[in-house]
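To keep things simple, chains are lettered A, B, C and D as they appear, and every chain counts its residues starting from 1.
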Amino acid sequence: MKRIGMLTSGGDCQALNAAMRGVVKTLLNSDEQVEIYGFLDGYRGLIYSNFQMLTGRDFSGILTKGGTILGTSRTPFKTIQDPDENGLNKVEAMKQNYYKLKLDCLVILGGNGTHKTANLLREEGLNVVTLPKTIDNDLWGTDMTFGFQSAVNIATEAIDCIHTTAASHGRVFIVEVMGHKVGWLTLNAGMASGADIILVPEIPYDIDKVIQKIEERDKNGSRFTIIAVAEGAISKEDAKLSKKELKKKMESCTHPSVSYELAERIQKKTGREVRVTVPGHTQRGGSPCPYDRVFASRLGAEAGRLILEGQYGFMVGYKNREIVRVPLEDVAGKLKYLSPDASIVQEAKLLGISFGD
Amino acid sequence: MKRIGMLTSGGDCQALNAAMRGVVKTLLNSDEQVEIYGFLDGYRGLIYSNFQMLTGRDFSGILTKGGTILGTSRTPFKTIQDPDENGLNKVEAMKQNYYKLKLDCLVILGGNGTHKTANLLREEGLNVVTLPKTIDNDLWGTDMTFGFQSAVNIATEAIDCIHTTAASHGRVFIVEVMGHKVGWLTLNAGMASGADIILVPEIPYDIDKVIQKIEERDKNGSRFTIIAVAEGAISKEDAKLSKKELKKKMESCTHPSVSYELAERIQKKTGREVRVTVPGHTQRGGSPCPYDRVFASRLGAEAGRLILEGQYGFMVGYKNREIVRVPLEDVAGKLKYLSPDASIVQEAKLLGISFGD
Amino acid sequence: MKRIGMLTSGGDCQALNAAMRGVVKTLLNSDEQVEIYGFLDGYRGLIYSNFQMLTGRDFSGILTKGGTILGTSRTPFKTIQDPDENGLNKVEAMKQNYYKLKLDCLVILGGNGTHKTANLLREEGLNVVTLPKTIDNDLWGTDMTFGFQSAVNIATEAIDCIHTTAASHGRVFIVEVMGHKVGWLTLNAGMASGADIILVPEIPYDIDKVIQKIEERDKNGSRFTIIAVAEGAISKEDAKLSKKELKKKMESCTHPSVSYELAERIQKKTGREVRVTVPGHTQRGGSPCPYDRVFASRLGAEAGRLILEGQYGFMVGYKNREIVRVPLEDVAGKLKYLSPDASIVQEAKLLGISFGD
Amino acid sequence: MKRIGMLTSGGDCQALNAAMRGVVKTLLNSDEQVEIYGFLDGYRGLIYSNFQMLTGRDFSGILTKGGTILGTSRTPFKTIQDPDENGLNKVEAMKQNYYKLKLDCLVILGGNGTHKTANLLREEGLNVVTLPKTIDNDLWGTDMTFGFQSAVNIATEAIDCIHTTAASHGRVFIVEVMGHKVGWLTLNAGMASGADIILVPEIPYDIDKVIQKIEERDKNGSRFTIIAVAEGAISKEDAKLSKKELKKKMESCTHPSVSYELAERIQKKTGREVRVTVPGHTQRGGSPCPYDRVFASRLGAEAGRLILEGQYGFMVGYKNREIVRVPLEDVAGKLKYLSPDASIVQEAKLLGISFGD
């Protein structure tokens, strides 16, 4: 008999349901008796004992469904150890609920912040297995996260749409792509949609180089330029600021996001009409793409296998095309950045894409 | 022998190429000899004699291609009669180029502004046939415009994506849909994606009614609310302002668009987390949907037929499922609004959708 | 208090769920108390009293879901009046179950056969409201049926895919499109995807004209030809046969469908490589397109209104862009064919499309 | 100065254009002078000196375009060394044309057969660089081929569509997926679409196990079963036959493909209604998915780099997430099969998928 708690935490993304279905199908197909407790809205459900008993039926037909049937919430790691507004010790509450329900294990699906908390619970003695969920693909210890490829598809489709308008009007178009502090999503969507300039956080850009590329294209008869900008992209000047100075600068900024400031600078320097599009939250929604459905199902199956084997304290990851088990303590608190020297960056440059560096 | 000038003007949209292909295929399949002059970037090409001779080959394979192979530009009707920066009389320049090339007819694809100018050229004695292009579906004299259904699809897909995130996080989500001053696009995309509240320019909204609907849903256990807002939506208070007062108010507003102000008001009054998504220009880009491809091809074929018959001064439109010829003077300068009493609005209300009225 | 029975019959299609949701939302938003009995698997559920009580929750989130939550089956009209294998009088059984449950009305969603049975039940004294479901768009009394536009999209996408292969290999490609005995689906998908030849049941084709078109394209340097063939397409020779002769001929035919015989004939006469693709059942599956979601929701809302008004014996249809009520006796047993003189056929011919006539 | 010949051979697939664009962009962005000769319709163009001089402009805007701008044809390796119908020695002809045009290198895009011929040309002394194109993913020496992920998407979409129909009608549905003699495509599309049974060539199936799974599902209340069958799937009995016996059996078979025989057997043994769908050539057509666009572009860039470095005799492949150079002699003539022990097969089984073994 296995009693499993399950929760999804952080921003939602595609294939969360597919991954959970994978875990549950694997458990139910085993000889083991299984009880599944679904905690609602992330860690909050575990803290306040808000859960539902789930059966195989609840996981049927959700392979292709976006979002998460358990609901999710952002519970920042920074505050998880603080007492809540009623003075409740949240970590203690989670432990108590875990023991009260006599759980054998918690299955936790989430991104960076989620993994820090998961590791904390592991350190506190709870059995934990995690799954790497994020459209940002920034989790350390795995080559790939689910949600990423689906988000690439949506961002690419957005830039594809913009392409026809940009070409028809002869404009400079900036499309702001998600990805938090890393450039994976922007780079892939930019390459897939034939962006001319790609700006990512890991490669601070020189505005003059950006403008130079636009003007080069003008000279070669290309009427338009498409710029894919990561939401975390940063200019060379800003990259030199201290964290404090940067924060101050951003607070005083009236632009809703990084793209608008960039647009203004390009417009001023070139006199060209520049437009900004921000696909925003659409990037984390909708049905997962086939790649993510297969990938999340496989990770989920392996998580199920870990539980059946009684192996806890691991994130299920993906390394060199193999499903692997990564110790949670190795994952927590680390970001997987795109290296400016990565092979994919070099190939993008061979194709003539400018990174503004 | 027919010598045809062709141009696309105003914001680009889907199926412009399909429509032009329809005209050209029809002409080339006739016994008539045909010469086609493609003016580049809208009326600008006609003013400054910037054109290319085109053959059937140029129109091959473009049925499914977004944008316009001729390029386009916004040349506001308000200024078309003013001399340009070098003192050139633009209307005279267009007439001269028309006569210099010995054109039999101009085929003009565009929306409202474009039709005003087209009608002006007709009044000046030029032969003109026009095609109703706009994602807004606001052209008088036709039940449908091409681009509209494709834009509905894109806006619907965006709201579909947002749906899973809204449901997972239990949030209020506002999606701002294009449509200029009319609500057709927002209403259709909103109904197609199951939006709970739809705000359109033709039905000024009462913020308290909007909030009431959100709270009703809360009470009924719906964790989230999706609001589809037309970019031209307006509150009851603002609808009472004079044009001048409204303009002043909007100039002093720091919000990038109508949705952000709405979000702020809802957030203040309900304490709920409200997010805004603006799909923006993606709505006019990408490959036209099958409906638009067929529709634009049919309109183009009829335009070709008009030219072969020497019938000028018409917009090709669509009425009661028939392709019709509408005198240009009846079209120019009029907008086709969504009536608050329209059957589709009543049906939306039966379905439980709130218009905030 | 209203007690409503509901069933879906015949081949499934897109937007069945959207339509049912429209009916139910309208009823539940009214002041009337409502009980909903969902009969499973079409008329079979009504005959054998196989049903479920349904609530608003069952219809939540199904707007975008393909198929039918009630299940469906083909119960041919021809046999509905015959006793079943146990000697049960099926019509009597339906009546008894209707009265036993004290139903006020049956809401029946289906195509041609379904409407004949619905009309029979009306004649037997039951209150019936119907909704026009079919990807074939062949229902008399309505300009449009739901499912149609979604099927057009899928068939178009299939031909789009084939297009690139045909062009790359320089082949003749036949794509067989559904549509039963009418050509609406094939004509629209063919026009949307730029098919060169479109063969529909209403316009018997001359194989020599088909070949002539292929050879013309060859001469003009087009390496490939795309033929969209309706599953019910027929050659001029076969059209002259009596029903009996035709049946005999088809029984002796070893080809799985009409396209393969056509392929063989073209291959023999031209020596060209001809390939056949049959998208088949995919055309009736998957999420409904936005057009169908809006359209089916509107029809459903009107059906709800009919019930609230106690108006029975109607199919809800669509005429000249208005939702209308069509007496069931006018609908039953009639097919809506594509006229060879229809404006859309003429426009297709202007575009250079051959119908082989 | 580099003079490059380029050709695409074998069945077309998605991202061929993206890959060629990658090669050409890389060459044109270098300091080297470059001339590009595009041979038409595969090796045939090289044999009969049918080519076009191409410039950067020809490769602009083709990133998202399916098919191949060069055309392709199947020239079976078995016959490439035989003289043609006029007695021409084809291999000699290719060599002569290569030397006549003073080419520095041939860039050849293709699958298995293509690579055998490419290796033959290498052995004959020509400089060759190849790119791994196939939806089958069966090329030895690379973890991935372009076209594969796009084909997975199309096959998955087809099964998704079938899913709603199968569920609505309570049927057994067989979807036949491409993939030649290997199971990669079927396995991935089957897992992505939630197929219940997946039959691949590498794991011969036992018809009784297949039926057992269907009946198990019946017992558990699942009204339908989806079977994804590879076009090369084989039963245990047939797998025991000698090649000659198998050939004889297949020649005497009247079924158009493997799925129809399977359907018949299931229908006979279970009495269930079984339907077959064959998406066929649609699986290799249409716009490449973002994954393939990025992947093919990267491979193309690396091929360009090889040429600039004067490194010949390699296929550009992908190993452990790195772009690699694989000696052609290691690739030619070998197939990359799916191992029955592969981790992905084990995970599929954990999820409850039956392989009929």
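Just so we're on the same page, a contact is a pair of C-beta atoms (placed from the backbone, for glycine too) under 8 Å apart; a residue touches a chain by one contact, two chains touch by 3 or more.
Computed from a predicted model, the values in this text were never measured in an experiment.
*Asks:* Which chains contact both chain B and chain C?
*Replies:* none
*Asks:* Could you grab the centroid distance between chain A and chain C? Build each centroid from C-alpha atoms only and quote it in angstrom.
*Replies:* Chain centres of chain A and chain C, defined by C-alpha means, are spaced 42 Å apart.
*Asks:* Rounded to a whole Å, what is the gap between the Cα centroids of chain A and chain D?
*Replies:* The mean C-alpha positions of chain A and chain D differ by 31 Å.
*Asks:* Take the average of all CA coordinates in chain A, do the same for chain B, and state the distance between these two points in whole angstrom.
*Replies:* Whole-Å distance between the two chain centres: 35.
*Asks:* Mind pulling the chain A residues that touch 2 or more other chains?
*Replies:* Answer for chain A, listing residues that touch two or more other chains: 160.
*Asks:* Make each chain a node and each touching pair an edge, then name the shape: line, ring, star, complete, other.
*Replies:* Topology of the interface graph: a ring, with each chain touching two neighbours.
*Asks:* Can you identify all of the chain pairs that touch?
*Replies:* In this structure, the chains touch in these pairs: A-B, A-D, B-C, C-D.
*Asks:* Using the touch rule from the top, collect the residues of chain B that touch chain A in their complex.
*Replies:* Counting only chain B, the residues touching chain A are 8, 11-12, 14, 16, 41, 65-68, 71-73, 154, 157-158, 160-165, 167-170, 173, 223, 254, 256, 275-286.
*Asks:* Looking at the complex, which residues from chain A come into contact with chain D?
*Replies:* These residues of chain A touch chain D: 22, 25-26, 28-29, 63-64, 143, 149, 152-153, 156, 160, 188-189, 191-194, 289-291, 293-294, 297-298, 301-302, 304-305, 320-323, 343-344, 347-348, 350-352.
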